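To keep things clear, I will list the structure first and then write my remarks on it.
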Amino acid sequence: NTAINVGALRFTSHAASFVAFERGYFAEEGLDVNFRFFEAAQPMAVAIASGDADYAVTAISGGLISLAEKGAAKVIGGALSEEPGIDGQMILASNPAFEAGLTAPAMLDGKSFAVTQPGSSFHYMGAKIGAAESASLSYKPLQKVGAIIGAMKSGQVDAWTIVPHIGKALVGGGAVQQIGMVADYLPDYQVTTVFTSAANAAKERARTEAFLRAFSRGADDFNAALVDKIAGEDGADDMVKLIHKYVYADQPYEKASKSIVNGAMRLNKNASLNMGSVSDQVEWFKSEGLIKDSITTETLVDPSYAEMT
Amino acid sequence: MELTLEKVTHRYGDMPVLQDIDLRIPTGEILCIVGPSGCGKSTLLRLIGGLERPDEGRVLQDGAPPPGCLNPLTYVFQDFALLPWRSVGGNVTLVLEDHRLDGDERAAIIDDVLARTNLSAFRNALPRQLSGGMKQRVAIARALAVNPAVMLLDEPLSALDAQTRELLMEDLVGLWARQPFTAVYVTHNLAEAVRLGHRVAVLSRRPGRLREMLEIDMPLDERGVGDARLDSVQQHLWHLMKDEAMAADQELLDV
Amino acid sequence: MELTLEKVTHRYGDMPVLQDIDLRIPTGEILCIVGPSGCGKSTLLRLIGGLERPDEGRVLQDGAPPPGCLNPLTYVFQDFALLPWRSVGGNVTLVLEDHRLDGDERAAIIDDVLARTNLSAFRNALPRQLSGGMKQRVAIARALAVNPAVMLLDEPLSALDAQTRELLMEDLVGLWARQPFTAVYVTHNLAEAVRLGHRVAVLSRRPGRLREMLEIDMPLDERGVGDARLDSVQQHLWHLMKDEAMAADQELLDV
Amino acid sequence: MSETHIRPVPFRGGGFRPVAKRGVGLIVFVTLLALIEWGTRTGWISNLTLPQPSDVAMTLVDLARSGMLWTHLAPSLSRLAVGAVLGVSAGIGVGILIGLFSHVRAGLIPLVAALFPIPKIALLPLFVIWFGIDEASKYALIALGTFTPTVVATYGAVDNVDRTLIRMGQSFGLSWLSIVRKIVLPGALPGILSGMRVSIAIGIILLVAAEMLGAEFGIGAYILQAGALYDLERLFAGVVILSALGVLTSWVIGRLETRLLRWRT
Amino acid sequence: MSETHIRPVPFRGGGFRPVAKRGVGLIVFVTLLALIEWGTRTGWISNLTLPQPSDVAMTLVDLARSGMLWTHLAPSLSRLAVGAVLGVSAGIGVGILIGLFSHVRAGLIPLVAALFPIPKIALLPLFVIWFGIDEASKYALIALGTFTPTVVATYGAVDNVDRTLIRMGQSFGLSWLSIVRKIVLPGALPGILSGMRVSIAIGIILLVAAEMLGAEFGIGAYILQAGALYDLERLFAGVVILSALGVLTSWVIGRLETRLLRWRT
């Protein structure tokens, strides 16, 4: 068996790896998986480049593209994507802003919009929503999701987008208001992708394909249990229990399960990648001057592993 | 104005430093105080000047200070105590600033004391540019500026080299000859004591007691190096103190 | 072993400090060097001991150091230069550690020099517990431990108070009487110079030149306070130097 | 008549010598805590602003009871220890070289001066590439943070060694190595130790930055996590632990000083 | 025979007085840069590890040309200035009170000692609530970071004012205020200035932390963004700017010292 390190965040969106591991799909492919957990996506991308992790799942960020440009990382497949009809990422407004009239994305003009960092996926979503509503937004970089939540609760920023399991809890608590869905603006948004180091992509084909196969089986199980809900109550419960080992492990099951169920979004079948969304994102990064103009999707993506749609 | 000490006793913590000191400081005379190291000479001077309160006994002043006296009891310190960031003139001005004097008066005082100490040419020099002897001259000028009733000098020459010491001793004699002042002069140096003291008080080892009081009735300006009578007084003093000085020297300081 | 200075001249930067010094330091005698402040006395001593190289001229040693001499030219410094983190014994041991001596020899030397300087009881005391006089005794003991051919003393007593100075002068005379040593003794203090010097060299103001060389042929142990002949030599010296001392004192240091 | 003029010399000394009284410090602390406790309980201080001190204390107790305190403290302490030992010892070595050799001094002082104001968090992404995401990068970050202040303190201390002691050593013909070992190093020790106080305080501060990088356990990670969740009780519990750690190491160095520097007045 | 014994006294002094030579520092710098340039060009140093120095220089030039340098520098400088002025002046005030009054000393020293090792980034989430995400929280963070070291340096400086000067003032009957104004403050100035050196260096380091919070422009924000994009050229360009800022402020304080402390030897 070959030992590999898989980078992960303790989010529901990383469930495919957890499922593949717990149900032995990795072992069946001859892979000894060792998870390396991170607090944020950016250091995980750097860790792939430094060789501390072999495979990981993360959003397409400026950092990831830069690393790809330096020949250190390659996207090899898709993971989470928006799909109309499934609860996806939400557009939120803070209570004071909502009371002042920010009740729909159309009213965003001149408002402040929270992002972790310039060039993050939040920034991309904000920009796309803003462009669609021809609203000009001012972006507030706050580094951490926690800081953003604090700023939203105390009304220091007006709007934000966030994954459903966090958003629903916030809206449910009355701390913020939902004013729209991201999927309405970015219907096929490829939120996260599977990536690895360029060396792995080029030289470890067999191992990489094995990883993707196991990963896709995990994704299928997840979709069946929590997205399409075709595995029945018990199947869903089993799945939640499995994921709870990794996500919200420090919270009681009842509380955690709600968050996990809330957070279930479609994981791409067979790790297929929505190239349209990817190239849209790359173009946007270029237009913002965040990455070099010479970068193309070819720099970023190795299309030989998964289906490109 | 005369000062009188009555049964002054002082302790630091449990350690008695001075014991039953009775002393009179008459006007117009220099009283030298000698004693071995650590016997409490500096403490005695601080008590006299009101910088410290005696544990027992009293320090009394009799009569009013002379007119024009801004600070009756005025110190000259061993290490000069000049403000390094003020010029010679500024250091003298310092002690006049808290008194209501008009500008002319102040300037007159400063000119006068600088002239008396031969410092007029150094008015704008900073202390760091001066030799030790010059620094102590500035300190003396500063003391003179407040026209003190009693000058309290704590080993004013012992930070200076031997030759400068000699020069300053002559200066002090000259100052006194022109205008006699009252002074208490603490020193280790017996030669200084016999050159400058009208009377010399000898303290014992700690706790300091008054062991002897010598009177030297020779005018200050007639005293000089190699005078047989002064030499004999000095030898008498050394005789009195040698054993105690040795004992004081051999003591371990337990800091 | 004898030392000879031939036309020694030294400068710091552009400032000449010593000019054409010719000097002979004969065995078994104490040569005192006096001069006004800043005339280059310490520089001269550093040149003699090889701590500095003369710009011009030469410092020569004639003959071999005596047997058992570990460090022919040995200093005693004004500020004692004791390692504060070593005890009295440790400070003496320091200068023996770089020499190949067996333990017994080393112990014997240390016992001997501590006994000669009356320090045996203080062997384990730290410098901070000692009075100034005791510290300088330790420095002298350390110098004696290497059995020097020539001792170079740079104002060894001027950091001490007058009474301790007197005591240490007697100690030095006692040490020399028991076992004469060769020494160059730099001082400001004319009384010291006439008490301890077989010969006294007088330097002029900076740049220091040799102005006069006095010989005092009275045995050291017969000299004392109030001796008329010494007094007259001392007055002669003061006469020679007073004007220069005054000029040196009045000089502005341009640091 | 004259009798009326006799009066004691007025006292005008004293003062300007403040002394620290232990008790008062404690009282101020307790009063402050009591005030905050009262404020948070009555709602006069909103629970978004400050946590209730008693809740923080409870959190600390729980942390200790559950054994999690040790789980978080142990890795942090080992990171601090390894990083600080590396940084401080390299710093002392380089500082001594700068203090002794003109060429080293000329070459390295500008480098150290340029390195000093670089914020170590800015270099975090690089540290991952250079040292990986495991312990090595945490050690390196803390080592780098403690290195520069130690260098500066050490060469300052070597510069301040009394030159007459060195001349004394030379005048007795001591070898170069003897002078360095027996005079320069002990003479520089007080300065080096007081520099270490600052360096280790900086090391503690950097724990949080170091544990931004893939640390699951550690006081810094605990604080970061609490901050991300805006869990003020845990945040303050972590801060209290770091603060206590700082006071403790400062006390240890104080003990070390009184022991090693008994020779000082 | 005797002639052969005559020889010059051997020289054994000198040394132990290293002098900084300006040139050497520059040479070391240039050599180091050249080495890295060569290494990165040949690929011997991977472009993930270090950027090419010439690219960093180009980035700096571009930044300056496009005017973005000023766009980023101006807010950072104003944050540093306002924060440091607040922190340093409060620190000097509190430090002087601690130095003069026993009760203040007893009450505040333990508080300051406990505050010192708290990592300021840990408090970022609180600062958002306390001071908002705009300039106020950045000023507050930098002020807090510069406050504690200034306090410590200031009361140390007041403690070190020569007590004989104070006794002198009392013996001449100067008023309490005169003594404080004319003796204590000027006497403490050297210590306060050298403390300011450290405080401002810390302020610069904290710029990055301060600009983590909702700053669009600023050198710290620029560095953070470059780090997030793993854009090493820009990251290093930012670091170079901060480092230069640090060297510059240190130089300014040095000038201030030579001007204000001309009276020192």
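Observations on the model:
Here the chain labels run A, B, C, D and E in written order, and each chain numbers its own residues starting at 1.
Note that a contact is a pair of C-beta atoms (placed from the backbone, for glycine too) under 8 Å apart; a residue touches a chain by one contact, two chains touch by 3 or more.
Just so it is clear, the structure is predicted and the values come from calculations on it, not from any experiment.
The set of chains in contact with chain A as well as chain D comprises E. Greatest Cα centroid separation from chain C: this falls to A. Highest C-beta contact pair count among chain pairs: D-E. Centroids of chain C and chain D (each the mean of its C-alpha atoms) stand 47 Å apart. As a whole-number value, the distance joining the C-alpha centres of chain A and chain C reads 84 Å.
In chain B, the positions touching at least two other chains are 49, 51, 73, 128, 255. Within chain E, contacts with two or more other chains are made by residues 12-13, 48, 124-125, 129, 167, 170-171, 173, 224, 227, 230, 265.
Counting partner chains per residue, chain A shows two or more touched chains at residues 42, 46, 49-50, 63, 144, 146-147, 150, 154. Two chains count as a pair here when they touch; such pairs are A-D, A-E, B-C, B-D, B-E, C-D, C-E, D-E.
Residues of chain B touching chain C in their complex: 36-37, 122, 125, 128-131, 133-134, 158, 161-164, 166-167, 187-192, 225-226, 228, 231-232, 234-235, 238, 241-242, 245-246, 248-255. Taken together, the chain B residues at the contact with chain E in this complex read 49, 51, 70-71, 73-75, 77, 79, 81, 83-86, 94-95, 97-98, 126-128, 142, 146.
Those residues of chain D lying in contact with chain C across their complex are 162, 164-165, 167-168, 170-175, 178, 182-183, 186-187, 261-265.
Per the touch definition, chain A reaches chain D in the complex via residues 36-39, 42-43, 46-47, 49-53, 63, 144-147, 149-150, 153-154.
Residue ranges on chain E touching chain C, taken from their complex, read 2, 5-14, 265.
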